[in-house]
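The structure under discussion is supplied below as structure tokens; questions concerning it will follow.
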Amino acid sequence: MTQTPQRFTRRSFLAGGAAVSVAGMLGGFPLLATGKEQVKLSFMYPVGVSGDINRIVSGMIAGFNAAHADIQVEAIYAGTYDNTEQKVMTSLGVGDPPGTWLPINSALQTFLVMDALEDLTVLARADDIYQDFLPGFLGTCISDDKLYGLPFQCSTPVLYYNKAAFERAGIRAAPTTWDELMSTAKALTVRQGSDVTQWGLTIGGGWHDWMFESYVRQNGLVPWTKDKVMLDAPEAVDALEFWLKMAQAGVMPTASTWQGSANDFMAGRTAMLYHSTGSMTNLRTSSPFPVGVAPMPKNKTFGAAMGGGPIHIAKKQPDAHKRACWAFARWMTNTANQSMWCKETGYLAARKSSWESAEMKTFVAEVPEARIALDQAEFAGAFLQVPGYHKVREYLKSALDRTLAGEIRPDVALREANANSNREIQRLLRRRS
Amino acid sequence: MLLPSLVFLALFTYWPILRSIWFSVHDVMLGSNEIFFLGLENYTRLLGDGLFWKSFANTAIYTVLTIPLSILCALLLAVALDTRLRGMAIYRSAFFYPVMIPSVAAGMVWVFLYAPGYGPINGAMAALGLPRLEWLYDSAWALPAIIVMSIWKYSGYFMLILLAALQLVPRDLYEAARLDGVSPLRQLIHITVPMISPTLYFVVVIGVLHSYQIFDYVFVMTQGGPADATNVLTYYIYQNAFQFQDIGYAAAVANCLLLFIIGLIGLVSLTLGRRVHYLGK
Amino acid sequence: MRPLLRKHWQHLVLFPLALLWLSPLLWIVVTSLKTRTEVFDPASGLLPRAAQWTNYPQALSIAPFDTYLLNSIFVTGGIILAQLVTITLAAYAFARLRFPGRNLVFGLFLLQIMFPIYATFLTNFVTVRELGLMNSLWALMVPFVASGYGTFMLRQAFRQVPTELADAARLDGCGHLSTLWHVYLPLVKPTLVAFAIISVVTHWNDYMWPLLVTNSESVRTLPIGLGLLAKADSGADWTRLMAATVVVVSPLLLLFVIFQRRFVDSFMHAGLK
């Protein structure tokens, strides 16, 4: 990080703060200056990005508290996405949920099954939400035409590539189709004897089920609806067969870990990497070589599963608190805050107005990679929004791993994962009724 | 005199265990107040759950390999350090400090050390003419990799305990053996080990108890992957309770693990324990 | 040559092993002084070109580490003090008193060590909440006040104290507590220290439970600060994570180095049998 963008940020942040309190009043919410008791609410969040960028979240919240005398938000860092959801659920179990929280978008149906989420449709209609939020992003918070949350940190997987390695291999452009991906990966794989010194491609482990859904989407199928998964569909089997083909051709490792794969890329161990847009700033500033960013190559179509999280609002709380939560969620996702968050982290701003703002235009001109994911987001949709998504993810990851390790055939593995997943989803749905 | 302990144990150990038995015959969901009676369904599900058995096997492999290996390692270090040696303090610190490194940080460091391409471990293996391994990326090597790391982390603690015991072995026993021309290895087997066998027994017991620590490494390094090769029962319990919200099932697994550990400790005390008492007297 | 070898064989074995053992620590320290691009750049060599001391203040600025440090000291100190009291009393009862069901109750103590801690979290969360201790430093301490492990260790040590000593004290008119204080405790001090080390290390580094039961910065502990740097979506912030690790570990390492002789002597005389 250089000094300039940080100073830039602070200034724009103050400007944004002023703009929003005006907007809040115009929006007609009688939250301010009613002389009532101060509303205290808590916001549980994970840090998607490491280190000092976390302070930006604290800064946004401090700005909110300063601008709203009658609301006091306590930001509670809760670990990873998993940890955050666990903490929220544990609190829900004792009937004392936080006012707002930030899970991964896949958790939507899981929280709905628990009847935990406030329906925000009416509030959003009275506001500019449906007009200004990018539809693909907003869609990750919608179930049965009702809105349950505002997208805060949106991401998709993208293809990162090592420009120096491309140059060495004489490759000019990033692959745009699966076939090109295969041939490019082959050309980039470097061996010394039987040892691979540079893989052509690595698919970030730990979240490789997320990447896999993107591949299935590139085959033209969304492999789930809100109450079942179709992991054994021909589109999915074909995608896994393609992975297996790449693994067997020796152009990608059969497994990796999330942290490990990012390290591998920065160390030049892999020339291409599927990872989250949220890692963009980290990879760009920590790699000792120029980093390229490209949309994920397509097969039948382009496609991507959205990662990242929305801000959810608890159903079980007094109306005054719900209004305060709404004001807070609006603040975190306002034009200025979304622009700033996008620039500092690589997460995608969810508002059209953010992308149209002068500062974002300057930023995109400087860092054109930032736009890649936005273009890709046009084809993106929510990731695995089924009840009990956690267990489904584990079944799917296990099927992918075992297939690539050569223990089981792709169709058999996926059929098994599909049956197990649907049984779990049914169990949870039955439980509710 | 037992009262203070018992009050806290009752609140934070026995109550959770009783609840866990109760949970295990119910369908309990994290975050929901609705609870349904299931009878033994959680337990029958468990019998047909491949992942449960895999975690069980992984736990057994981990325990059976880590404990003897780290105790052997600790014993050798302790024997080597059981003399007036220059730099003794440095050696002791060098072998003991891993105990103090937070598992989060230790796990992260070892992820780097094990990195297939640029990690120093593979570098060293290549220099020795050994094949490079994929370690944490390879379902065959991920668990052994975590075992090696555990040995690094805990041998130092066992070493200190064994060192203490070694100091109490009468020196004249070694003197006599040497005069009889007994080789150092046989001295180790026939004098040292029997003399410190009570301590060895104690170390085995705390080793079994410390083997729960593997949760931290799995949590930080592999999340149970690849292909469930590093999923162990403690991690599986955590997953079921907190990720899958399936408290009842997690309780059933936890109760099975408890029975398993009780059985294991029982077995150790019936076999090793008996002999130790016999020899120790 | 041969006698020299015989005399110094330990160094031949120990020196390379010690290096092996120390290498992760060296890597932690060296990485904490690198720039972000140097960490994974194979061309930049093992050592940083220029030591980046600023990694330390930067790592420490991401969370109120000073508060975390005080909390860690308070919580770990509180736990160990409470444990020393409870385990001393319980271990004495198990080692020296005769009462019906003694072995059974002792077995119950060991249950605590055998039951997986993650299976207790949910129930303990509810209990802590009902006690009104949520989001306080007490919540981090109360579940660990009793220790089956410590009781087990200390019982073994008490059993080795010759009964004649205790009998003599009793004849002089000492009660149980006074015998315990004047006769037993001085003799098992080493075991107490041995237990304290492992207990302090465990609770100093505890991550999951504090994460679950605390919300405010003012009651959180050091490992949560580490988690901020390690557990991110975008890959770890290596240089600062390692800098923060050095900071978190140093109090323990310093204690160990300063008191190493006493620590080790404790083990020497503990005679853990």
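In order of appearance the chains are A, B and C, and numbering begins at 1 in each one.
One rule holds for everything that comes next: contacts are C-beta pairs under 8 Å (C-beta built on N, C-alpha and C of every residue); 3 or more make two chains touch, one makes a residue touch a chain.
Source: prediction; values computed, not measured.
Colleague: Which chain's C-alpha centroid is most distant from that of chain B?
Modeller: A
Colleague: Most contacts: which chain pair?
Modeller: B-C
Colleague: Approximately how many whole Å separate the CA-defined centres of chain B and chain C?
Modeller: Once rounded, the distance between the two centres reads 16 Å.
Colleague: Compute the distance, rounded to whole Å, between the mean C-alpha positions of chain A and chain B.
Modeller: 36
Colleague: On chain B, where are the residues touching two or more other chains?
Modeller: Each of 30, 108, 112, 118, 242 in chain B touches at least two other chains.
Colleague: Please list all residues of chain C that touch 2 or more other chains.
Modeller: 40, 42, 122, 227, 230-231, 236, 238, 241
Colleague: Can you list every residue of chain A that touches 2 or more other chains, as numbers and ranges?
Modeller: 86, 90, 93, 259, 263, 267-268
Colleague: In their complex, what parts of chain C are in touch with chain B?
Modeller: These residues of chain C touch chain B: 10-11, 13-14, 17-18, 21-25, 27-28, 40, 42, 85-87, 89-90, 92-93, 97, 105, 108-124, 127, 142-149, 151-152, 156, 176, 190, 194, 197-198, 201, 204-205, 207, 223, 226-227, 230-231, 236, 238, 241-242, 245, 248-249, 252-253, 256-257, 260-261, 264, 267-273.
Colleague: Residue numbers of chain A touching chain B in their complex, please.
Modeller: Residue positions touching the partner: 82, 86, 88-90, 92-93, 95, 110, 114, 116, 195-198, 205-206, 253-257, 259-260, 263-264, 267-269, 388, 390-391, 394, 397-398, 401-402, 405, 407, 424, 428, 431.
Colleague: For chain C, which residues count as touching chain A in their complex?
Modeller: Listed in rising order, the residues of chain C that touch chain A are 36-44, 58-59, 61-62, 122, 125-126, 129, 211-212, 215-216, 224, 227-238, 240-241.
Colleague: Per the contact definition, I'd like the list of chain A residues that touch chain C in the complex.
Modeller: 42, 46-52, 54-55, 74, 76-81, 83, 86-87, 90, 93-94, 96, 155, 258-259, 262-263, 266-268, 275-276, 278-283, 285-288, 345-346
Colleague: Which residues, counting only chain B, touch chain A once they are in their complex?
Modeller: Residues 27, 29-34, 36, 51, 108, 111-112, 115-118, 126, 132, 134, 136-139, 221-228, 239, 242-246 of chain B touch chain A in their complex.
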